[in-house]
Amino acid sequence: MNIEDIKNIVSECDIEDNKICVKSRIYDVIKCLKNEYSFKILKSITAIDLGDEIELLYKLFSVEDEEEALLSIKVKAEAESVVDLFDSARADENEIYDMFGIQFIGNEDLKRLYMPENWEGFPLRKDYIQDDTRLAWNDDCNNA
Amino acid sequence: MNYLYHMYMEFLSKYQLPELFGNITFYIIPFCIIAIALLVVVLALVLAERKLLGWLTQRKGPNRVGFWGILQTLADAFKLLIKENITPSKSDKFLFNLAPILVFVPVMTVLGIIPYSSEFTFVNTSTNVILYLILVAFPILSIFLGGWASNNKYSLIGAVRGIAQVLSYEVPITFVVLSVVVLANSMNLTGITLAQYSRFGLLGWYFIPCVLGFVIMFICMLAELNRCPFDLPEAESELICGYNTEYSGMRFALFYLSEYALLFVNSVFISIMFLGGYLSPFGAYLSHLLLGDTYLASVLVYFEQAFWLILKASIIIFVIIWIRATLPRLASFDLLKFSWAYLLPLSIFNLFIMVIYKYLTGGALCGLS
Amino acid sequence: MTTATTLKLNLGPQHPSTHGVLRLILELDGEKILSCEPDIGYLHRGMEKMAEGLTYIQYLPTVDRIDYLAGCFYSELLCRTVEQALGAELSEKVKIIRVTLLELNRIASHLLWVGAFLMDLGALSPFFYAMREREMILRYFEKLTGQRMMYNYFVFGGVRKDIDYLEDIEEIINVLTKKIDDYEKIITDNPIFTARTIGKGILEPELAFNNSITGVNLRASGINYDLRKTDRLYEGFEFEPVILYEKDSWARYKARILELRESLKIVEQGISRLKAVGKLDQKLINPLTIKLPEGEYYSEIEAPRGLASIYIMSKGEDKPYRLKWRTGSYYAVNLLRRLLVGEYLNDAIAIAGSLDIILPEVDK
Amino acid sequence: MGFFVTSIDWVLNNARANSLWPLTFATSCCGIEMMHTVASDNDIARFGSEVFRGSPRQADLLICAGTITHKMAPVLLRLYEQMAEPKYVIAMGACTCGGGMFCDNSYSVIKGIDKIIPVDIYLPQCPPKPEALIDAVRKLQQNIIKNESILKRKDFVNSHTSELMEKGELLVEAKL
């Protein structure tokens, strides 16, 4: 894998540890990695709540070279979807939408996945308050 | 039957009871006997199935209710009787309630035309083979009715599967039955039984010349009974419970009951067709052999005949349960293909062979009868 | 009046063959599936959020519940990550014990799958036979660890106590070697079984890559990717990754049966090596003072249902800042969307069963 | 009158107790132990309970095997309502008894299914061994034989629900 190729796509790109951090255009970078370096598997997308922004980690894997690539991008509330490139991203992005509330532009069927449809809040965010007062039976208690 | 009728009338006239009374009760009493016998048979069958499945899968099976668990199915029956009957609010209520009764009536009726022994057939018409074929195919209509009226998608899919399955497997059965009719020169179940009589016992039975027909008939019977590997209409792992998903309590019990009663009836029918019905496998009856030509022997022989019939049916049932413990389920597409592409041509071929055989030998192996 | 020609069927969450609480919303034309939409989350227990509020040792026992059929793998993942972060080295015996138990656990998991898959296909007995053998393994685990399914046996830096009752494992190996032959006799060449599995649910490698499918399902599609080959824990053990090229449900079945045999081999090697090494000497990490240095940690393992991995971000505290699990089944469920389209309903059940989906792994 | 009621009760209670058909309802870990209870070594068939029904209409016993989450709760309630009377519930596993190990730290687990449906037998442990499940079924059987009567059945059912209503803890399906 050649870092120069990625730098051609996005100029703002640097390497921390073994992680390639990009500032934007993650879709193009992943497309390039998939098509030109045979990174055919997207192992997972991990989201981390850093407080004011959310970091997305894309872990790509190439079976032929047994090589891994770790991409990182920091987003606020919206991110580019890679559903076109990887089917598995549909599941990952949906999970992140459910847990962190990030909108993926280009992914049509984002919905509550783990939580019920009318659940409020995004549980894995750091500002999520874990209180039961919003739940049905506690409502009854409070009213009575 | 005439013989029994006269005996009964003589018995009544001794106590100066009117003849009309006798004429009415003579047909009611056997019906009650059948109804009770049917219940006992079904309870025993369910228990046998659970015990056998337990045995085949290295378990003990029910053994806590009564001695050796023999009252287990009785407890189940009582429980189903007193369980709440739910009619789903969106179902077609009239048809929903009608279906379990409709499924049960033909099964009860068909028990009347079976010759249990040479003197014990309630309805003995000259063409009762056809009557049998019609009555046995009838429950599937009620199954469809129940599945449709439940307004449940699983029930509907189960019911449609059931219709498709029975329709395709009825046809080979008819051809096989036709070949037996050709062999026996009779459309009467007693006639077919008697035509299989020979001095050498089981060598005269029709499963020897018509082994292909026997196998086809057995396979089709499994399909008609919705038994494994053809249990698609009530495939547990696909359709929850198939057509009876919405039924509870007593109505479910009726479906359950008729299912096992049909299992019994079908096994009896196949024994009559191919395994010589109530004939003894040794040629002569045991009671005649042991007791000679006495009055006791002439009474006992009726019971012995019934015993042989039940024994043959039990063996068939055992094989069916054994198959259930062994085989996976067929795919729905393969199921239909299997019938139309293999069984139907084979059964026609079988009929053809049997006609030639009949023409050449006159019906039995040379000089046996 | 509506003229709808398709049927929407809601399969689950309470359904005998969804192996838990998976819900599939199917659109049917007759019995042919036009589209499939999995709905998950009925068992979402918030494992990842829980980690943020618990110290590592408090979190360790809950990890087994992520995959109740093969809990060892997830404890191993967590232990391994913490050990690597703190630079702890495992002794030789600990490594062998871990490999032996992991493989024993994999056998238990695959056995259940064999039974449940055949149950989906409508066969009754293989389920009982497989459960009978699985019971032996669970009894052994109970003897060793005190629990049948949630062992909590691996701890940071080693194992909770020395392994024992090796003769029990030897008996398990002896019995299973014969019994697997028996399974093959009643299942593998059964004409109904082959008719229902051969050529059904073909998983092309491209589709598998695209859907991030790993583990046995991928290897049954002809891709040689077995993490155990590069895993440092498995150093010194000889085994062959099972690769089959048929790509269908039957291959996935056969691959698991062959993998059972491979795992038995590994367990056998483990026992002979355990007998050779002496007493257990291990240097446990004091669980009360565990603080991972600031940074990100990642490790992965070949679990029975594909690649399992853990990601921990630590801010130097005694609790992880963020912990993420990656499980194999989660992506297999997503694959159903593609794989079931165009199949008949009862084939669909068989195909979904052949992927070995287990719901706590999906929902976490 | 009393004599007849008691003898009818005796027959019916014994029939009910010995033919508890469970619903196939397994959400997680405990479900596997439930499968082991059916399998060869433990064989719940001895007590007549191996007839697992997929349809709630035909089942008598809801063995709630595994964690119930907020998303699952309405489903559980509906299943319970679909079952025909008489129906019994065994809360299997620590999660269903009171949240278990997910009690304090999880946002999505319901802390005890008795907030949703009435429970007859509580069976803690995580997960309970098959022997424990058999024991629970036996206890339920004894309970049915001893304490039930056709005269009291209605009150028995009502008391369960009204008690929960009073506490305001009964989860209403529409609300979640």
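Order of writing sets the chain letters: A, B, C and D. Residues in each chain are counted from 1.
Please note the rule applied: a residue touches a chain if its C-beta (ideal position, glycine included) is under 8 Å from a C-beta of that chain, and two chains touch if they have at least 3 such contacts.
Just so you know, these numbers come straight off a predicted model, no measurement behind them.
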Relative to chain B, chain with the most remote C-alpha centre: A
Between chain D and chain B, distance of the C-alpha-averaged centres to the nearest whole Å: 38
Gap in Å, rounded to a whole number, between the CA centres of chain D and chain C: 30
Whole-Å separation of chain centres (CA-atom averages), chain A against chain B: 63
Between chain B and chain C, centroid-to-centroid distance (C-alpha), Å: 46
Where chain B touches two or more other chains at once, by residue number: 57-59, 236, 240
Junction residues of chain D, two or more chains touched: 39-40, 54, 71, 107-108
Chain A: positions in contact with at least two other chains: 114-115, 123, 128, 130
Touching chain combinations (by label order): A-C, A-D, B-C, B-D, C-D
Residue ranges of chain A in contact with chain C within the complex: 17, 40-44, 46, 48-49, 57, 63, 66, 86-88, 90-91, 98-99, 112-115, 123-124, 128, 130
Residue ranges of chain D touching chain C (in the complex, touch as defined): 23-29, 31-33, 35-36, 38-41, 52, 54, 56, 66-67, 69, 71-72, 75, 79, 101-102, 105-109, 126-127, 129
Chain A-facing residues of chain C, complex: 40-41, 44, 46, 48-49, 206-207, 209-212, 214, 223, 225, 230, 296, 307, 309, 311, 313, 321-322, 324, 326, 330-331, 333-335, 337-338, 363
Chain D-touching residues of chain C, taken from the complex the two chains share: 13-16, 20-21, 41-46, 49-50, 53-54, 61-62, 65, 68-69, 112, 127-129, 131-132, 134-135, 138, 148-150, 359-360
List of chain B residues in touch with chain C within their complex: 53, 56-59, 153-154, 157, 228-229, 231-232, 235-238, 240, 324-334
